[in-house]
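What follows is a short report on a single structure.
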Amino acid sequence: MGRFLYDLFYNSDLVLNGWSAAAHQSWAARGWPPVILDGLLQLAWAVAAAVFLALNALFIIWFERKVAARMQIRRGPNRVGPWGILQTLADTGKLLIKEDIIPDAADKAVFRAAPLLVLASTFMLFVVLPFGKGLVAADLNVGLVYFLAISGLSVIGILAGGWASNNKYSLMGGMRSAAQIVSYEVPAVLTVLSVALLAGSLRLGDIVRAQPSYGYILLQPVGFLLFLIASNAEINRGPFDLPEADSELVSGFLTEYSAMRFAIFFLAEYTNLFLAGAFASTLFLGGWRGPLLPPVVWFLLKSYFVVFLLIWIRWTFPRLRVDHLMELSWKVLLPLALANLLVTAVLVKVL
Amino acid sequence: MNGLDPHSLVLRMPGGNVLISSLDAAINASRSNSLWTLTFGLACCAIEMMAAGASTYDWARFGFEVPSASPRRADMMIVAGTVVRKMVPVIRTLYQQMPDPKYVVAMGGCAISGGPYVYDSYTIVRGVEEIVPVDVHIPGCPPRPEALLHGLMILQERIRGQSVKAAPVNQA
Amino acid sequence: MNVTFGDRDEMSPSVTGITPLPAAQSTSDEFLLNVGPQHPATHGVLRVVVTMDGEVVKDIVPHIGYVHRGLEKLFENRTYEQIIPFTDRTDYLSAIANNFAYVMGVERLLGLEVPKKVEYMRVLMAELNRIASHLLWLAAYGLDMGAFTPFLYAFRDREEIGAMIEEASGGRLTTNYFRVGGFVHELPKEFFPRLRKFIARFGKAVNELDTLLVENAIFVARTRGVGVIGRERAVSYGMTGPCLRASNAAFDVRRDMPYSIYPSLDFEIPVGRNGDTWDRSWVRIEEMRQSLAILRQAMDGFPEGDHRTRAPRNIEPPAGEVYSAVEGPRGEIGFYIVSDGTRKPYRVKMRKPSFSNFSALPEILRGNKIADLVAVMGSLDLVVPEIDR
Amino acid sequence: MRSAEEIRDALRGRFPGIETRPVDPALSVTVQPDALREHLVFLRDELAFDFLVFMTALDRPADGAVELVYRLFSRESRTSVVVRVRLPRDGARVPTVSDIYRTAEWHERETAELFGVEFAGHPDPRRLLLPDDLEGYPLRKDFMHPNLVRLPEVT
C-alpha cells in the first residue's frame, strides 16, 4: 500500500500508464471499440482539470487578496471561514444567484458566448500542462506551439464581449486588449523559441526533462524576465491592466457584465494568472522536477511562487499608458527577445 | 401565484422546510458576506468612505472588498453626500442599472434628510429616500468610518434575516 | 454615466437637465465620449464630454453643478457664526483653510485683533490640513494611475493627522474649529508631543511616498510633458495653488497677500518648470516638506496666551465689504463678504481654487491623448463641491 | 512696485472723471458698462493686473441695480483693484471680458444664471451650475422657489 502511494505521487506516469493499459485490455476483451474508452479517459482528465480550475481559482483569489492586504498594511478578508479563506466562495455564491442583466442594445448571442469563449481557451491550455511526471492530459509533440496558439485565443472572447456590450468603454477595453495581446504575443513567442532551441524539442515534457536541475532560468535570465513581462501583459494584469482600467474605462470590456457571466470572466482571469505562473515554471524553473517532495507539489510551489511575483508586481506599479505599452513591446521587449534568441542560437551551435 | 409556485411546491414536499432553510442559510451567508459597493462619492462622506476602505479600518475584512465602478456588479450603493436635484436622474438610473438584490445605504445627514442644507437651498433633495428605497441610514456629518462599518453590519444582519420564501428587502 | 443610456453618446437632456451640446459638425472620424457624472476618474460628480479625433482630444466640454447646493443663497439667511460650519463642507479636504479665510474676513470687518497664540494655532492647523489634503490627492491620484498601494500608505499618515485634528477640534474632517476671534477649544496637552512624533516620522514617510509613486518610472513616463499649460495661460485662467506654481509662476497667497504669521516664517515656495502633470505632482510633494518646516517653526515659536479673544456675542459688523484670502491646499481660497450692518451678511461670494483650476481643463487637455484625460484631471486635485458650491 | 495711490493716479490720468475710493487694502473703481473692457485692458496691460481673482455681482433691489464686481490682482505690485459696474436690474447687459481674462468665462456664466445679467458676446452662454428647468435667478434677493424653504427665525 505504501509502495503504491509512493508510486502514485513520485512515479505517476508508471501508475497511470499501468491503469490505462489494464483498462484498454479489459475493454478490448469485451470487443468494444477502443475509441470510446479514449474518449472516456479524456473526459476524466477534463473533469479533473475543471475541479482543479475551480479550486485553484478560489485559492488564488484569496491568496492575492491576502498578499495584497499584507503589502498594504492591512489584513484583508478574515471574517468568512478561517483567515477568510471562504471569502471567494461567498463572492462566487453571491454572483451565481444575482440577477443576470443583458443590456437591451447588446448583441445578445455574442454577449452570452463571450465569457464561455474566454473560459474555453483558458481551459484548453490545461491539456498540455505537465503537472507532474506523466500527469498530463496529452503530452503533444507540438505542446509549445499548442500553448502559444491557444493562449492567443482568449482575445477573441474579450473582443467579442467588448463589442457585444454596445458600450463605448467596453469596446475600447476590448480593442485595447486585442492590441495588447497581439503585440505581446510576439516577444513571448521569441523567448519561448530560445527555450525550445535549448531543449531541442517542442514537447513540454521533454523541455522539463531537458532542463538542468536548476532550470533554464540561469541559462535564460533575460528570457525568463521577458516571458514574465509578456505573459503578465497577455493576461491583462497590472501594470498592464489597461483593458479593464478602473479609472479610465470603468471596467473596460467587463463594464456591462454582471452576475454569473462576470464570474466566468473572473474565473478565467485568475486561471490565466495561474497558467502564466505554471508555464513560466515549466519552461524556466524546471517544472515538476525537484528533490524530496513529490513532483506535483514542486510544480504547484513553483507556479504559486511565480504567481506571487506577478501579484507583487501588480500591487506595486502604476498603470502604463496605451502608447507606452505598445512601445515597451515593440521597441524594448522585441529587440531584446531577438537578441536573446540570436545569442542562444549561437551558443547552442558553438557549445 | 397559484399552486405551481415553486416555493410553495418545495414547502409542500416532505422535508421542504429543511431544504429551504439550509438554502436560505447558504444564500444569506454569500450575500451578506460579499457586498460590493458602487463607487459613488458625492461629497464629504465619500472621504470617510475611502477611509473605511483604507488600512486603519479596512472594510475588506468583512467582504466589502471590491469597489465596483460599474453598477452592473454592485450589490449596494452607498449614497455618500449631498444629493441635489440635478443628480436625481443619475442616481435613479444607477439604481436601475444595478442587478437584484440591491441595497442602498444613506450615509450622512445629507443623504438622510438633506442635512444642513434642508433650509434655504433651492436645489437640495431632502433625503435620497425620495428617489430610491433606502435600507440603512447612517447618521453623522460625516459619519465616522466606524459608524459606516456599523451600518453595513446592520445591513448584513438584515440580509441574514431574509428567506427565499419572502420577497427580498428591496423590491423596487 | 457609463452604461445603458438609450444613446451612448449623450444622456438625453430630459433625464439630466443639461443643455444638449450644440450639434457638432461631426465628421466620421469624430467620436464623442461621455465621462461621468459617476465615473471613477471624476472624484465625485463631474461630467465631461470629450470629442475625439481618433485618440486625440479635439475638444472637451465640462458639465458641473451636480453638487450645487446654492450655498451663497443659504448664507444670506444665516448669521455670521452659523456660516462657519458650512465653510467646512464646501471643501471638506481643507475645512480648516476655509474656516481660516472666512473667520479672518469677519474679523477684518469687525476690526478685531486676535492674540499671537491664536495666529500660531491657526497656522499649525492650516499646515496640518494642507498635508492631509495633499495626502488625499496622492492617494486618489495613485488610484487614477492604477496604483492602489500608495492609496493605503497615504491614508496611514492621513489617519494620524486626522486623529490629531480630532483631538484638538472634535472632528476628523469637518472640524468647525475656528471661531471669530479665536478657537472653540484650547489645544490638548498631548498635542505637541504627538505632533513632534508625527513630524519626525512623516519626514521619512513623505520620501517613501515620493519614491513609491511620483519618482516611479512608469508614473514619470505618463506625466512628463503631458497636460502642459504655460504661465501666461495659467494666470489668465485664474489658476492658483500648486497648479499655477507648477507652471513656473511663484504665486502664493501666504507670501503675496501676507496674512497671519506667515511673513515671519521661513519657507520656500516650490515652483515647477514646465507646467506639466508631473510638475503639479512634484510641487505638492515638495509642499508637504515645506509644510513640515512651517510646522516645526510654529511649534518652536509657540507663544503662551489665550486661545481666543473677547469677541462680541452678537456679531454685527459695520456696513462694508472685505475680501480675505488664504492659501489653501488647492490654491487661493477667498471669501468676499459684504455686510449691511445686520447679523446676517448681505452677500458672501466664495472664490474657490478648484473652480478656476477646472475651468482651464479644456485648454490643458486639447491636443493631448484621451489616455491622458485621467492623468490631467487627477493632477488638478479637484474637489467637486468646491466647484459647485 | 506701485502703490494704490500710483494706480489711482494712473487711472485718473488715463480716464479723467473716474470714481475711485479705497476699500480694504484695495482700490475701488466704478466704471460705465461701455468702458469696462477698455479699463480692464488698460489695467491688465499698463498696470500689470494680470490676475482676475473673481468676478461676481451684488443685487441691490433698493436701488433697482445689479452691481458687478471684478477683483483684479497684480502679482508684480501685489496690489488689488476692484472694478465695479452698475447695471439696471431689468435688462442688465454688459460686454463680456472673457477674452481679456479667460477665467471670466465661467464666472460670467455663473453670474448670468444666478443674477440674470447678460454678457454680450460670451463665447459659450449655456448654464453652468443650475438645472435647465430652474426658473428665476437664485441670488437675486426676491428669488422664490417651491424647493426653497426659509429657515424659521429663532429668537
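Quick notes on this one:
First chain written, first letter: the chains are A, B, C and D, and each begins at residue 1.
Simple rule for what comes next: a residue touches a chain if its C-beta (ideal position, glycine included) is under 8 Å from a C-beta of that chain, and two chains touch if they have at least 3 such contacts.
Just so you know, these numbers come straight off a predicted model, no measurement behind them.
Averaging C-alpha coordinates per chain and comparing to chain A, the farthest chain turns out to be D. Chain centres here are Cα averages; for chain B and chain C they lie 31 Å apart. As a whole-number value, the distance joining the C-alpha centres of chain B and chain D reads 46 Å.
The distance from the centre of chain A to the centre of chain D, each centre being the mean of the chain's C-alpha atoms, comes to 64 Å. Counting partner chains per residue, chain D shows two or more touched chains at residues 130-131, 138, 143, 148, 150-151. Looking at chain B, residues 54-55, 69-70, 72, 85-86, 97, 119-124 sit in touch with two or more other chains. Multi-chain contact residues, meaning those touching two or more other chains, occur in chain A at positions 72-74, 246, 250, 255-256.
In terms of which chains touch, the assembly is arranged in some other way, matching none of the line, ring, star or all-to-all patterns. Of all possible chain pairs, the ones that touch are A-B, A-C, B-C, B-D, C-D. Contacts from chain C toward chain A in the complex involve residues 2-4, 6, 8, 31, 33, 39-41, 55, 142-149, 152-153, 156, 213, 216, 218-219, 221-222, 369, 371-375, 378. If you check the complex, the residues on chain B that touch chain D are 85-86, 118-124.
Per the touch definition, chain C reaches chain B in the complex via residues 1-5, 11, 15-18, 37-40, 43-45, 65-71, 73-74, 76-78, 85-86, 89, 92-93, 136, 139-140, 151-152, 155-156, 158-159, 162, 172-174, 384-385.
Within the complex formed with chain B, the chain D residues making contact are 130-131, 134, 138, 143, 145, 147-152. Here chain B touches chain A in the complex through residues 26-27, 29-31, 33-34, 54-55, 58, 60-63, 65-66, 68-70, 72-73, 75, 97, 99-101, going by the rule given at the top.
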